[in-house]
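Following this message is one structure expressed as structure tokens.
By letter and in written order, the chains are A, B, C and D; residue numbering begins at 1 in each of them.
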Amino acid sequence: MYKLASKDRRPHSVVRAAGVPFGGEGFTMIAGPCAVESRAQIERTACFVAEAGAQMLRAGAYKPRTSPYSFQGLGDDGVELIAQASRTAQIPAVVEAMSETDLPVLCRNVDMIQIGARNMQNFALLTAAARTGKPILLKRGPSATLDEVLYAAEYILIEGNPNVVLCERGIRGFDPQTRNVFDLAGALRLKELTHLPVIADPSHATGRASLIEPIVLAAAAAGLDGAIVEVHPDPPAALSDVEQALDFPAFTRLMGRLRALIQASPSNIPLAACR
Amino acid sequence: MYKLASKDRRPHSVVRAAGVPFGGEGFTMIAGPCAVESRAQIERTACFVAEAGAQMLRAGAYKPRTSPYSFQGLGDDGVELIAQASRTAQIPAVVEAMSETDLPVLCRNVDMIQIGARNMQNFALLTAAARTGKPILLKRGPSATLDEVLYAAEYILIEGNPNVVLCERGIRGFDPQTRNVFDLAGALRLKELTHLPVIADPSHATGRASLIEPIVLAAAAAGLDGAIVEVHPDPPAALSDVEQALDFPAFTRLMGRLRALIQASPSNIPLAACR
Amino acid sequence: MYKLASKDRRPHSVVRAAGVPFGGEGFTMIAGPCAVESRAQIERTACFVAEAGAQMLRAGAYKPRTSPYSFQGLGDDGVELIAQASRTAQIPAVVEAMSETDLPVLCRNVDMIQIGARNMQNFALLTAAARTGKPILLKRGPSATLDEVLYAAEYILIEGNPNVVLCERGIRGFDPQTRNVFDLAGALRLKELTHLPVIADPSHATGRASLIEPIVLAAAAAGLDGAIVEVHPDPPAALSDVEQALDFPAFTRLMGRLRALIQASPSNIPLAACR
Amino acid sequence: MYKLASKDRRPHSVVRAAGVPFGGEGFTMIAGPCAVESRAQIERTACFVAEAGAQMLRAGAYKPRTSPYSFQGLGDDGVELIAQASRTAQIPAVVEAMSETDLPVLCRNVDMIQIGARNMQNFALLTAAARTGKPILLKRGPSATLDEVLYAAEYILIEGNPNVVLCERGIRGFDPQTRNVFDLAGALRLKELTHLPVIADPSHATGRASLIEPIVLAAAAAGLDGAIVEVHPDPPAALSDVEQALDFPAFTRLMGRLRALIQASPSNIPLAACR
């Protein structure tokens, strides 16, 4: 059985990435493009999402793409563009590592390392990422049980790195109407089993921009610890994930409704202060 | 393609069952035991849930049980007990039909007829239930695509009965931690495809009493039209669904939080007035 | 726990429908069109499949169709056409019941009653069909566990009708390349849990005519008790299941290979004599 | 769309690993323990399976285990033990790589490199393994579509390494009766889409020793290109996969039946000569 990840260990943990808390009273928003595409794109997006109230920037530099013929990301150069945008906009950044060889550049440049769904059980990568000491955002694999998620987290914790945030990004389903099945109850059950924070990724879970806002509001009302959403200055022109990114006005609207939901909530609702 | 169920037909419908609206501004709560077990049990529960703010009573009389050795419900006598409790507590009732032969008794006694998940594609039953003219609560089957749900609704609508409420009650999943997978994004996508109201059944979706409250709050925040939850005076003593019924204090707490969530919501949040 | 269906009861049962055995040494082939469409179509097909070596004729008269706008079958008239073709070709017939009201006509005209996948947990229909005394072909629902299949069989057995043949017809999967996922290991595991015969339905399991032959050969080599396949004189012109029916030459080829596989098998292979 | 993996490219490929062919007329058996545990265990097993007719030895040295508390394999030392056993028994070996850092030792010591199901979309590993020039055994991930499998293969082929063998090892299912769902029709459909050989892994697919033999016979009868099965001198004492390994007598029986099935098959059955 997993030990370090277990709720028996402590009721809940607050994980901090460059000062941004996950798992406390607040609902933490991470936003940004699927992939960094250019200096202008990432800077503009970073400044926008920071201004709109996101606490952390997301963007991919090494992209795990189903097809080798799809855009594979800007690699190390992309990480530097993200890092510059992060500094300019004064918003910490999380970037996915696809391989152990990506870790040194990520360590020097970003505040949190993401392990993607396809690599949730890439145990060599989990261990190497843990040893960097950076906070880790660990996404649930598309067919991972909750036990498997917690054992994957245990591979990180056992290396002495306690800073793990879990992320529900949808499990494989049978209906093409949504890209995956957002398992809200699974994410909530995860919080009953572990002290680690759990956030939602409605972009990958649903694959539809129109469903991102209601899923984020639902996650907040239900008591999850945050969300990570794709935002792009011009979604139809994006090099990846065209269908599931919010444009700027949609993100502004989402943040307004989220803030209203949280601020208006009386103390007996399990919602907490957004930034 | 389905026609009468399509959003192209109209933006949204309000379905009324004995005056209780589904699909308008409000979030409609249905509550009650899995099955009627005795006059005392159903009367006590009916009065309690009505008092606590539920708008409709649920209870099973004909129980679709996986095993023939499980409690099969009180049958016609059960329907009469539910009807009496409904009158006493002045709260309309919805009861599941398992067979065409159940329909006459249900028609005389209850306000809405439920078609359960196992019978979602029992087309003979759909047609016969539609012809009673009663409003129908149609649950999504555990492996039904959204298209299949809408075609099942079409079997009812095509008979001239426009009063169909759809219900997401969880799809079959691979993780034993929850009984099914509550497909929130599927339910929201359903509302993009159809004008019919869509409610949530967190009891059957999760199989865990502890997850009912957060799922109901999530459903309300995301903009679904209501929820149906199991409430029992003494869940550990229930003859069925022991694990997934709320006791009275838990339902009171849920209704308090739901009311707070809804009343506090500023107008730019897609939430509406509970009773 | 199920009792009457359990392997503890006896090692295996042979079920006979009009003399056709399921579950003994042989591998029993059922073949015919998805639906009866005309007297000429069903007679021609019945004579052909009987000649080619099938032991039983299949055809639908009451069709459970996802959409109310699809061809719904010829109903009672269709049953009579099937019965006439069955007599002409001297091959017993199995026809699906969709409702209790279909049972009297089926009882008078056919040799085995099918309960389809969508009705596997239509307990009222299971009970009523059992009481006719006819042998029952019970298909596994698309998201049914093996336990649920066996409990559904138990609903029939408990009525005193021991003649139940189970059928694996594919479970719901995530890949659109096949219509469902043919669960061969599940079907084999079923035979470890129960004494009832288990056959395969590769037409519905795969939705692809090209996969029917290899799946039938696999089922025979693995030790299942038979198969039910769709055969149509002119598949592209069929009113339903266009993609998953074999034409006559393909069925002849399948039967030749199946016969060769079975006859050639030395005694230490778990294969048995085809007709 | 994938290109190099496509059937459009050529009808079928024969992949050779140290002379052992996959994809031609034969049905190729790979056998051995889940993990190498000791010199005695692997030597004894290698000699036994070679003698019994297996053409290739399998054994794990770097074990991808769900829990960090489970036996993790003997690592580099294990690879050397496997290599010695392989030489002693004169049977080529396939061993799984979990990380790019495992590749140099594997390259020097074994004949084929396995990419496991959890790493099917570990694109960095796919690319690095491809560049070794060794033949690759690529397992389908538990929720991978056939397209995703073929794109993963494309990542290898695009590096100029044409020697890829695909393996169906079960997809995630909902029924605890089997460990996964063996997708026979998916494996057959894969052969319609690609020229690459496709084999079956009934041990991981089913998790039950009793189901291995019938699944192997089914795979052979249906026309797959081989199978990989777990064999252990004393399965109850194995350090991993206790439930799904054959003991020696069971493997002998399996090989006898497989040989009989294949040798007895007349030329019109799509079965071919075993060693």
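As a working rule, a residue touches a chain if its C-beta (ideal position, glycine included) is under 8 Å from a C-beta of that chain, and two chains touch if they have at least 3 such contacts.
Treat the numbers as computed from the prediction; the structure is a model and nothing was measured.
Student: In contact with chain C and with chain D at once: which chains are those? Just list them.
Tutor: A, B
Student: From chain D, which chain is the farthest off, judged by mean CA positions?
Tutor: Ranked by distance of C-alpha centres from chain D, the top chain is B.
Student: Report the inter-chain centroid distance for chain A and chain D in whole angstrom, where each centroid is the mean of the CA atoms.
Tutor: 35
Student: Round to the nearest whole Å and give the separation of the Cα centres of chain A and chain C.
Tutor: Each chain reduced to its C-alpha mean, chain A and chain C end up 48 Å apart.
Student: Check each residue of chain C and list the ones that touch at least two other chains.
Tutor: 143, 147, 171-174, 176, in rising order.
Student: Just say which it is for the chain contacts: an open line, a closed ring, a star, complete, or other.
Tutor: Complete.
Student: Within the complex, which stretch of chain B touches chain D?
Tutor: 172-174, 176
Student: Using the touch rule from the top, collect the residues of chain B that touch chain C in their complex.
Tutor: The touching residues are 2-3, 64-69, 98-101, 118-119, 121-125, 141-143, 147-148, 151, 154-155, 158, 171-172.
Student: Which of the residues in chain D come into contact with chain C in the complex?
Tutor: So the residues of chain D touching chain C come out as 143, 145-147, 170-171, 173-178, 181-186, 188-189, 192-193, 202, 205-206, 208, 210-211, 214-215, 217-223, 256-257, 260-261, 264-266, 268-270.
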